[in-house]
Structure formats: C-alpha cells, structure tokens
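Presented sequentially are two complexes of chain A, the first with chain B as partner and the second with chain C.
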Partner chain A sequence: MTTKKKAAKSSRKMSSRAAMAVATDEKATTKQRVKAMSQAPLAVCETDDNLQKMLAVVRNKDEAVQVRLAALDTLATAAFSAVKFESCRNDYIAALREVAEDPSQEIRESALGLLAGEKDPFVQKKMLEGLKNPQKALVPPEKALQLLSYDVHTEAYAVARDIVKNPPSETAKQEALRLLAADAKSAPLFEKLLRDKDEKREVRQLSASALNALNPDKLQEHAREILLDDSEYEDIQATSLTALKRFGDEEELSKDKALLKSVDRLSTEAKSAKYKRSAKQFLQTYVDKDKDK
Partner chain B sequence: MELVTAPANEEEFVDLVDGLVADPAQLMDLLREDHPFYNERGAATVVHMRGWVLLGLVRAGAVSDDTLVFILEELDAGIDPYLVAAAACALRSYPQPNSALAPFVMRALNQIRYHDDPVSFLGYADYSSGPESTSPVRELLLTLGWLGPHARSVLPELESIVKSGGLSKKALADANRTLEIIRRSEQVEENDCCKLPAGLASRFSWPGKARRNAESIGATVFEDQDGTAITFNEFFQGRPSIVVFFYTRCDNPLKCSLTVAKLARVQKLLESHSLDEQIQTAAITYDPAFDLPDRIRRYGENRSVRMDALHRMLRTTGEIDPLRQHFKLGVNFIESLVNRHRIEAYVLDSKGRIAASFERLHWDEQEVVDRAIEVLDEKDEVTSSVAPRVTSSMLATLASIAVVFFPKCPICWAAYLSMLGIAGVSQIPYSPWLQPVLVVLMIANIVSVWLRGRATGRMTGPYLVTLGALAILASKIDSGSLKLAVAGIVLTLAGSLLTVVSSLNSRDSSKTVIC
Partner chain C sequence: MNVELQINNSADANARFVGWCPSPCRIRVTNPSGTTLPTVTIELRSVSAASAGAVVFRKTTNGAFSDTIQLDVPVSGTSVPFFVAGRFGRPSVNNGDVRIEARAKLTATGTPTTLVGSVPVMVRIRKNAESLTPGERDRFIGAFARLNNQGLGRFADFRNMHTTVSQPQAHGAPGFLPWHRAYLLDLERELQAIDASVALPYWRFDQPAPKLFTRDFFGVSGPGGAVQFSNTNPLQFWRTDGVQGITRAPLNNWNPATQPGPTVRTEAQTFALGTNYAAFSIMEGNPHGTAHTRWDGYIRSIGTAAKDPLFFLLHCNVDRLWAKWQRQNSRFDPTQAASFDSNPSNPVGHNLTDTMWPWNGVTTPPRPPTAPGGGLAPSPCASAPGAQPRVQNMIDYAGSVNALSRGGFDYDDVRFA
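Let's turn to the complex of A and B:
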C-alpha cells in the first residue's frame, strides 16, 4: 500500500496520534494533511517529538501555506488548554515570533494574531514600529490597529488619533476609532463624529457605540437631539433610539413630549419597516408607561 | 532624588541605566513606579525599562535589603514573564540567601508556569530565542537552586511540579538539577529562620503627630458607585477608614481584582467584630475617566463588596493628581490609563490622615483590620489621653507623698489643717481610713508605671518609683527616718516623671517600618 493510500485510509477515522503522523508526513497530500491537522490537537503536546515536528511544519517555508496555516490552527487549539500545553508553550511562542516575519502574509497575520491574543510585547512593538514607519510594517495598518486593540495598555492611542486625522484608508480609520473606543480622552472626538452628517454611517454608528462606553450621559443627550432633527438619517436615528431604549432614564423619556412626537413620526414615515417597528416598540414602552401613571 | 536629564527615548534610557551601574542609589530610584521616566510610556515599554533596571542592579552588584522589596514584589504579584525572570535573576545577587525567600520564588513559579514565554537578557527588549535565551520558569528554578538548603521547605511542592509532567524539556533538566542541589545540601542553622530582612519596607505606620494632614485634598470631589457626589472631608472625616486603590481595566488578577476581593473580606471581618459602623472602607480607582459609577459598582458587586453610605467604591470627578500626591501613590500613566502600579492599602485616622500603609507585597486582611482597630482605639487617646495621663500620674504620685506626711493622731491632724486655715479646710474631721486609701493609690501608681514601662521598653522609671515606695513604707515603719521619707518622695517623683516622658516620646517617633 502506498503512503497516499495509507494516509487516505487512516484519515477517514483517525486517532489523534495517527492524525499527527499524517499531518507531519511530507509525502501525504495537502488535503490529507490539512484534514489530519484538524484531528491532531490532542496529540501535539503529548511528546516533545510531536511538538517539534509540528513546529517544524510551521517554520518550513517550503511547505504549502495551507498546511502551515492548518498547523498553526492545530497548535492554537492545543494551546487553548493551558494546563496540558504547559510544557509546549515556550517553544510554541518562540516559533510564532519566528514566523511573525515570514514572507507569507497569511502566515504572518496568523502568527501575529495568535501572539497578540497573548498580549505579547514583541507583537506590540512590531505593530507600533510598522504604524510609525510603514516601510517596516509587517501587516496593513488596519490589521496592526486591530492587533494592538487586544491590549488597552499599549502606546497606540496617539498613533490611532493621527490615523483618524490622516487615514491611509477608510478601514484603517474605522479600526483606529475602534481602538480609541477605550480611550476616555477621545470622547469629544466621538461626539464630533457622531454629529457630523458628512461622516460615513459606519463611523457615526461606531462613534455612538464608543460614546456609550466612554460617556453614556453625552450619548443620551446627542441621541435625543438626533431624533429631534428631521434632516438626520433614518439609520442613525434608529441607532439613537436603540441607545435611548437600552440606556436611557425611563422616567425622563416617558415625559419627553418632543421626543415622543419625533419617534411617532419615525414610526409612520420611516422608509425601512425595521425602523418603523423599532419606533413603535419604543412608543409602546414609553407612551403606555406614561398612560399607566 | 531625580536624575538631571530625562531620556527622550528607550535608547537613551538604556545608556542612562548602563551609566548608572556605578551609582546604585540612582539606579534603585528608577524602581519607583511614579518615577517621571515612566510617564507616557506603554505598559510593555515600562516592563522592559524596569526589567533593565533590575538587571542593571545585578551588574552593579547592588541588590541589597533596600532593593529586595522590589524583587519580592515582582515574585509575589508579577505576571509578566520578562519581569518575573529578571526578578528571579536579580534575587540570586542578594548577598544573604534565606528560607523566607523560598516561598516567594515558589509562588512565582506556580503563577508563571502557564506563561513560560521565552525571554532574553542579551540586550534591552531583546527577543532572540536561541540557546542563550531563558524563561521565567528556568530563572526561578535556578534561583531555588541558588537558595539550596534554604529552599528545603518548598521541596515537596517542587517535586510535585516535576512529577506533574508540565515542565518543558529544558525546564525539566533545570528542575532535576535544582532538586538534586536542594536534596544534597546540608541543613543549615538559621538564627532568623523564615524572617524577611528587618529593612524590608512594605508596611509603614505613622503615629498621630507625624501624620500629614489632609487639607490639600479635603475639597476633592468623589463620585461613588451610585453617582452620589461627596468630598474627601465629608467621607473620610469622623471615623477611621481602610482605603485601597484599583482600576477596572487592570489585567493582573493578582493586583486590582484580588485587592478589591480582599476589601470585601476586610468588610466581613469588620462586621464580625461589629465594627462595620465605626470603621469605613473605600476602594478608589486610579482610572476615574474610564471607571464611571456604573462600572465601579459592577466591579465591586462581582467581588462581593458591600456598598452603602459607609462603604463605597469611589472615583474622583476631577484630576487624580492631588490624590496621587497626597497618598504618594505608586502609579504611573500613559495619558489617562495606568501603565504600572503597585499594590497599596491605607488606614486613615478619623481626620482622614494616613496612619498606616501596606505596600507592594500582598497584605493580610486581619492585619489591616487590626491596624484600623488600633487607630479607632487611639481616637480617644489622640484627642484627650495625654493630659489625663499626666494628671493621673501626678495624683498617684501625690498620694505617695501624702502617705509620708499623713498625721499619726487627731491633734497632729488639727495642727496640719490649721496651717491650711486660709483655705477653709480646718473643719475637716480626722479620717484615719484615708491612710490605707493613700497606700492603695500609691500601689496603683507603681502598677501603672510598670505597665507603661513594659509598653515603652524603658524600665528606669518603674524601678525608681518602686524604690521610692519601699523607702516611704520603710520611713513609716521607722517613724524617725525623715531622710528615708525624703528619698522616697524624690525617687517617686523622678520615676513617675521619667515614665510619663518616655511614654509620650514613644508616641512621637515618626514613620516606623513594621517589618
């Protein structure tokens, strides 16, 4: 029986040890190996030999990228069980740092993502370097910002603010805003963006969400004004309505005649049925509440 | 102590630290969390900077009692692999291995073993993973080996870790070597077994007169977990308080989360002593811009903290700087976010002044409560105890003198009182029962000075008073011995005075290191 046949046979119903053998067998096909990888996590840290073989696949630039990515996934799954993975962690982190500068962008991003999840200082340093000096960047700015946002304690706020001012792309700007959503000093920036009708909808919705986390009272204020503004976009009004419904003061809302009138108009005139429904639900909650009293 | 020029970047910081190897005092100063060099740096950068300072101390051969607390702090509550590894490495340069250090190393090993990332000491912020690299677990194992016989107490725990099969291949080899060293080492005699060095400064106490007043922050406005505004003076004046600092975004479970959970246990202890209405508690956030009332309330609720009028979670509504300066908080920031902080708990007296602080190492709930009870008890002492103490001492001394001059018969009594005729007391009848009362008062004075002498450790006063009393009694037996009577009075007066002065002086000694 040839290696391929053996591998094909064993890959149908493999024990994790058998899967490990196929996953690290260079003679098996890419498909067989990728499939075997998904069944290998339990065996990967059973012995040092298994670990080193799997890490060798990740490091080997001559291997197919799919196989290397599958090996990274296998290791990440195994690492999820911190106690069982204790003896393997040191070599695993060292290997990830090694391939974080791999020529393959997919491998780089995968390794950097896994390290960033561990709040690894090496990744933070590389991401900040890349944002300050794009020639050194290992990943696009939006990805770097996303990876930095895993840890609020990085030095990324100043860089993110610069990106919001001069964004290299719309995606980068949005990622920068997501990162700044944890920065209390950025609340005024989010207020400004929320009220700016020239901003993209995504940016304004993101600003509403950030403002709710940083200064909920301000969001209530702006949400009310947005709902009172006839020239405001429906979807932004609907977001404001949701914010008021979830976080607003019930007592005050049920007494706010001007606001209830605006919501009533939205419930009949909105183009989207979804927004009409949302407005009606709001009125049912607050108008009825007022009547009950 | 401030350095002349602040480094503009990390490269300059490295040069500066390397240059300071010749000046360990300046180097040690860089371990203060609130050092301006750490302003506006990311947490990861601060980790590298502090790690480099620890390694600088090793190179300088300057790891001493003064620096030990910073090293133990990292082993006690550190979760960063690089800093824990650097601390373990630095401990091996401490000149006096001691059994008290082994539990710190073992605790760090248990805490960091699931985050045993590769670290490198080859250069600043180096990430090389070659054979020269190390790891926190390997450094801690080497340190246990360095402790050798002093690590015998943790041998079973270490054996259990090795048996669990959790260590990496490299770490396992190190662990087996360490076990071998500890097993082979001969038992050592330690005079101060299991005691940390006396100079290890992690708990401080200030007697009443040495306490700084809280005027500078009296008007600071806080908001509690329900959004209720209250000033420092309104909340902290009137009864003693136990205060801890925290912030909800702290990612070290051994610091803020544990501190607030321990505050909840402190509250339970106060309740069990029925002191929860007399001693209040507060947890104040370092991050008031982000930690809004709702956030701190949920953080407290999740850790079973009691929250009411006397027990509050607080945030300042303005800048945190005045609070930072008053408490001399061990914290630093990047923008409004904490980049590094120490563990810190305080006991405030009823005037809001700091009476005690517990810093860096994990504090014991009972110990903090006991200190707060002492502060509660001193409430009356501070305000009114000094004058009565002197007065009672003088009255008891006068009793001794009265025993000497007490008249033997009604005629002598009348003669004595006629001399005091202008005071209008000449009509008081002769009272023979007064003599035993005066003797009892004299004995009470002797007991009192002995108790005070034992409390202050100064026994000259009690000896003099006792001798004086014996002389007075002897003079009463030998009725003609005036010399004995005078000697008794002088000795009693001198002894009583000396005891009172010693007692007052012992209260005035300033900041005291408890351990």
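Let's turn to the complex of A and C:
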C-alpha cells in the first residue's frame, strides 16, 4: 500500500465522531482513548452533549490522569476553533477552575496554564495565595510565578522580591526575576545582579535582558564596561556584545576605540568559536563603518 | 552598449527578489553605443555557484521556462518584457547570490557574447527551518529580534492582532487559513523591510527539529519552562506585554528535537482529509490546534500564542500545507466551490468577498474595538494582496489563475506548476 493510501486509510479509520465515542468510552483502554482524543477536537464543538462528555472526563477523578490530561489537551485544541467553541467557553472555564484544585499536580498545572492563557483572575488570586502561604499552594513557587507573569499585576512584585531574597530554589528565583523584569523599580536590582561575578550566569544573562527593557541606557553602559573588563566571563561578555550590536548607538560604537580593542581581543582570544565569530561580526560592522568615514 | 534589467518591473534594488512564481521583468537599452543595428539580440542567463540560487526565464506569461532566453531589444530604449522565476530546488542562500547576465550580439552575425548588463537577484523562498544555513538563521532571528525591539517595536502590533478579543476574526470558520496567510505575509514583509534577504521559515511539526530547538535558534525549554537562549542569540532579549522572555515547555516527555509532535497529523494524513476545502479545513483542529497544544506555555492558548515567535513558524507550516494541498488539487481559483467554503451563514470575515480585520481598519461590532497595525505591508516585489485584503485575495497566492494575484512568497517544496 502506498504512503498516500495508508494515510487516507488512517485518516478515514476514525471519523471525528467515532473518535469522540472512543475518547469518552470508559471501557476502552487508556491508549485507545488518548489516541482518539487527538482526533476529536472539532467533534467537541459539534454538540453540547459532546462538550459535556469531554468536560465530564476532565472532572472525573476516577479516570486515569493520562486520559484526563488528553481530554484537557483536546479541549485546549478545540478552543482554537474560536467561533465554534464560543458557546462552550463558559463551561470550559468553569471546568478548568474546578480541576485547578485537583489532587493530581499534572492536572492542576495543565488547567492553571490554560486559565492563565485566558488571563483568568482566578489564577492571580490562587497563585498569590499560594506564594504567601505555601500550605495553600496549588503548584510549586516557580510555576506560580510563571503563571502570574501571563497577566502581571503590581501586587505580585512584593512577593517576587521576597522570593529573590530567600529563594526556595534557583528556578523560583529566576522566575521571580522574570516577573520583576516588568517592574521599573527593579532596575537597580538587575544592575547589581548583572555586575555580580559571584552570581549564577543564567541570572546575569536574565538581568541583562531585563535591564535592556527597564533602562536600556544603563545596560549599554554596563555592557561596555563588562567588555572592557578582562576578568569577566566570556559568556556575559557575549551577551553584552549582543546587546551593543542589536540595540547600541551605531555612531558611538564605531568611535569607541577602547571598546573596539576589547572586542578585537575577544575575537582572537575567546575560548568559544561562537563568541569569536560574534566579535568578528561586530568588528566587521563597526570598524569597517569607521573606516568608511 | 548598456542595458537596464528591471526585476518585478522595478528599478528599485529592493525588488530584486523572485520565487518559483514568474516575476514580470523588462529590459531596455540605456546606452546604444557600439552598434548600428536598430534592434539587438540579447541573451539572458543565470550565473551562480552550485550551492546558490538559480533562475530560469520565459518570454511570455505562459509556456516552458528555460535556462537562457534571447530577446530582440530595440536600441531606441523601448522596454521588452520577460519573466524570471527561481529554478525549483535551487533557492538562494544569500542576497544577490544569483546574477542575471545580459550578453548582446552587436553585429548582424555571430552570437551574443558582449556583456552589456547584469543584476544580482535572490531566489527568496520560505524554507524548512531545519535546512537554514547558520547565516540564514542568524539573519532571520536578528530581524525578528529587531522587529520586537524589547517589546517596543512593530511586533507589538502583530502580538495585538492575535488575542482572545480578535479570535473570532481568524478561527473556527473557513477564513482561518486565508486570515493567517495574510498575517504571516504582513509579518514577513515587515521582517524584509529590516533585512530584505529574510523569508519566514516553517516548523515541520510532524518531524523532529534538532536544529530549530537549540539555544542558537528558537531556544530550549529550561527546567521551569522558560526558554533559554545562547549568549549570542538576540532572542534572549525577547519581550512581549512588558514580560521578559518566552514560556514554552513540551508536554508529556516529548522531545521536539528528536521526535515529531505526538498525535499531530502527518503531512500525508492532512492531505488525505479531502480534496475540497470544506474537508481539508478540518486541519484547523489537527494538525494545527494539536501542534499548539503539545506545549505548555504561551503557544498553548489562542490569546497568548503570538507572544512566542515559534507561533509564526508553526503557522508557516500550516500555510505550507494549504499551499501544497492547493497545488496537488488545483485549488487556486476562488470562484470554484472546492477552493473555499463560502456560505452566507459564515461569520463576518469568513466569506470570499469579506474584508479582513485588522487590515480593513473596521472597529465596530462584530469586529474588535481596535485595529492594530494599519494596512497590510506593501512589497516592492508584488502588488497583491493590497493593503486591505479580502478573503478571496489570499487564495491564488501564486498567481496561478491570475498573475496579478501573486503575493511574492513561495515554499521550498511547492512548485509553481
């Protein structure tokens, strides 16, 4: 059988309505149901009965978690078909809120992620509650901070600052910093972290990105100084060079002899070939530009 | 003697880009010295390295293409038309990596040997992201980062076009594919205004993508789901809605670098959905929606998906699938029922003659209250689909039915004919 024929057969094998029937059939195996779910997204929108059946699978704590997760994915896929899904949306959101407090962490995280995508205020409320009182937390702090960043409210900044000071994990600290990158008052914090050679390099890279948005002139200043500093890490110098290359003042850069000398050194002495190449590209742009005058 | 070659009927250097679809061109004598003939025979040929692009020619709107053509060009300066297209399978890698040379026969006998003009062109094609050279990759992400410009650039309009408020304009009805085709083209033209050599690549979500999901390209998911980039990647400065970075993590232990999207319909399965648009457009669910929801993060929800640049590569593949299906089934004629699913019951924006938001600027219900971005960006290479495209303007994108409908983009695996 040719590939085309096989595909046609496989596509016909299960119409979306048949897929819907298997997907919601408790007697079918988990594997069969998960596979059927992937072919059912449009059928979910066809009738209210179909939607309610799929929502029932999501809500049913006796179902296998894999099946419930697949049902959530199917509903999320159906939600992309906005016009057809519109009449179902309220029931969908209600079900997501319900299972956001499910015993299964996977179900909770999946539902909360979908609600965050809808900028549902329920997420803000529950995530802040959990960060302030870990006993009420529905998800780990890093996930809570990430979900808060979908719709940033100033109330979250104080919580994020506390986490940066006393992080429960490195991931949580980085998520808190990502959230604070929307807070203009946090620019000095990012300056400090960027210049702290004892800080983790991921944090310093993130700080450069944040500072680029909060105070781009400051980042340009720091980026220049980092490149002039022989004792700096190459990867932080590479991030600094990228910031100068992409967002710097072309005229000023081409006149900055000290900077060009440092970049020239990076282009020959960097341990990473990638950084060498990046420095060479920078020099091609700015040294050649200067020569053109 | 000298001649001027105008690609896409324009003297503008920014118009020197062609695809598989034939571009209208012209040649004229600008300096007749060196001949006494009223008309000279000029041969055009494509000159390039084996790894670069290549073009073919024809004299008229129809007929076969050839590697060279001979044109009789009056020395009076009157233009003579011809057509150029990329040779299928030979897209460019760099801007201007193909040269069209014009050689003239200045006497009544002999062959055209005297070089009288040349012009660099690029066969600019949307490619599989996996096949980009490091240079193509870096130019693309550089242009994208600049369009975003720390969340302050023109990209903000594109982000604001695809939200929960605007979703009925573009989803769940037949206009899904045409709307997203216009959206991608608008974005691509803005990228080309930054770097003319850039074409939007696509992510084959039904195949592993080991080059795309690297720190040097579209990043890898960190432990918390925040996407991590290399220190030389300008996307490390990506920002939308005032929020730093991108959240994107594959679900269910899927590794997109080594595995195809789980349960995502393959290309063959997608084509097997049917030969009429109504049947084929089921692909909005699977593979399109399914490709979105294999991830946790921005790309999983309609309101946040466009915050992630991967969205545009995912949709470029959706559009490629439509284009390839159109080619396989000859579905370019908007007046044929099988090419679209027009129906009076379709919502506004989803019928052939409907204008499309936001390019139409309409902000009264049932349209959204704002129309970000203005008209669809123009191109020096193609006049279609215009600043305020209608659904029907997005169907014959290759100019297969009407040459004037050509939108100026092509896919590496979809022939013109």
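Here, the second predicted complex is superposed on the first by the 280 of 293 C-alpha atoms of A that agree within 3 Å, B and C clash if a C-alpha of one lies under 4 Å from a C-alpha of the other, contacts with A are read in each partner's own complex, and residues count from 1 in each chain.
Note that a residue touches a chain if its C-beta (ideal position, glycine included) is under 8 Å from a C-beta of that chain, and two chains touch if they have at least 3 such contacts.
Since we're looking at a predicted model, the values are computed, not measured.
Participant: Per the contact definition in the header, classify A:86: touching chain B only (first), chain C only (second), both, or neither.
Facilitator: A:86: touches chain B and chain C.
Participant: Looking at the overlay, what does A:238 touch: chain B (first), chain C (second), both, or neither?
Facilitator: In the superposed model, A:238 contacts chain C only, not chain B.
Participant: Any idea whether chain B or chain C touches more of chain A?
Facilitator: Counting contacted residues of chain A, the larger count belongs to C.
Participant: After superposition on the shared chain, which partner residues are touched by A:73: those of chain B (first), chain C (second), both, or neither?
Facilitator: Only chain C; A:73 stays clear of chain B.
Participant: I'd like to know which partner A:48 touches here: chain B for first, chain C for second, both or neither.
Facilitator: first
Participant: Regarding the shared-chain residue A:149, is it in contact with chain B (first), chain C (second), both, or neither?
Facilitator: So A:149 only meets chain C here.
Participant: Does chain B (first) or chain C (second) touch A:185, or do both, or does neither?
Facilitator: In the superposed model, A:185 contacts chain B only, not chain C.
Participant: In the overlaid three-chain picture, which partner chain does A:216 touch, first (chain B) or second (chain C), both, or neither?
Facilitator: In the superposed model, A:216 contacts both chain B and chain C.
Participant: Taking the superposition on A as described, I'd like to know which of chain B and chain C A:122 touches: first, second, both or neither.
Facilitator: The answer is first: A:122 touches chain B but not chain C.
Participant: Taking the stated contact definition, name every residue in chain A that is touched by chain B in one complex and by chain C in the other, in rising order.
Facilitator: 82-83, 86, 118-119, 152, 182, 216
Participant: So in the complex, the part of chain C that touches chain A is made up of which residues?
Facilitator: 142, 145-146, 149-151, 164, 167-168, 170-173, 216, 222-226, 228, 230-234, 236-239, 241-245, 247, 251-252, 263-266, 268-269, 271-273, 282, 284-286, 288-290, 292-294, 296-298, 300-304, 347, 350
Participant: With touch defined as at the start, can you tell me which chain A residues reach chain C in the complex?
Facilitator: Its residues touching chain C are 3-4, 6-8, 10-12, 16, 34-35, 37-39, 41-42, 45, 69, 73, 76-86, 109-110, 113-114, 116-119, 142-143, 146, 149-150, 152, 171-172, 174-175, 178-179, 181-182, 202, 205-206, 208-210, 212-213, 216, 235-236, 238-239, 241-243, 245-247, 274-275, 277-278.
Participant: Chain B touches which residues of chain A in the complex?
Facilitator: Residues 48, 82-83, 86-91, 93-94, 97-98, 118-122, 124-125, 128, 151-158, 182-185, 214-216 of chain A touch chain B in their complex.
Participant: Contact residues on chain B for chain A in the complex?
Facilitator: Within the complex, chain B contacts chain A at residues 41-45, 47-48, 82, 113-118, 125, 127, 129, 133, 135, 137, 165-172, 249, 251, 287, 289-290, 292, 294, 334-339.
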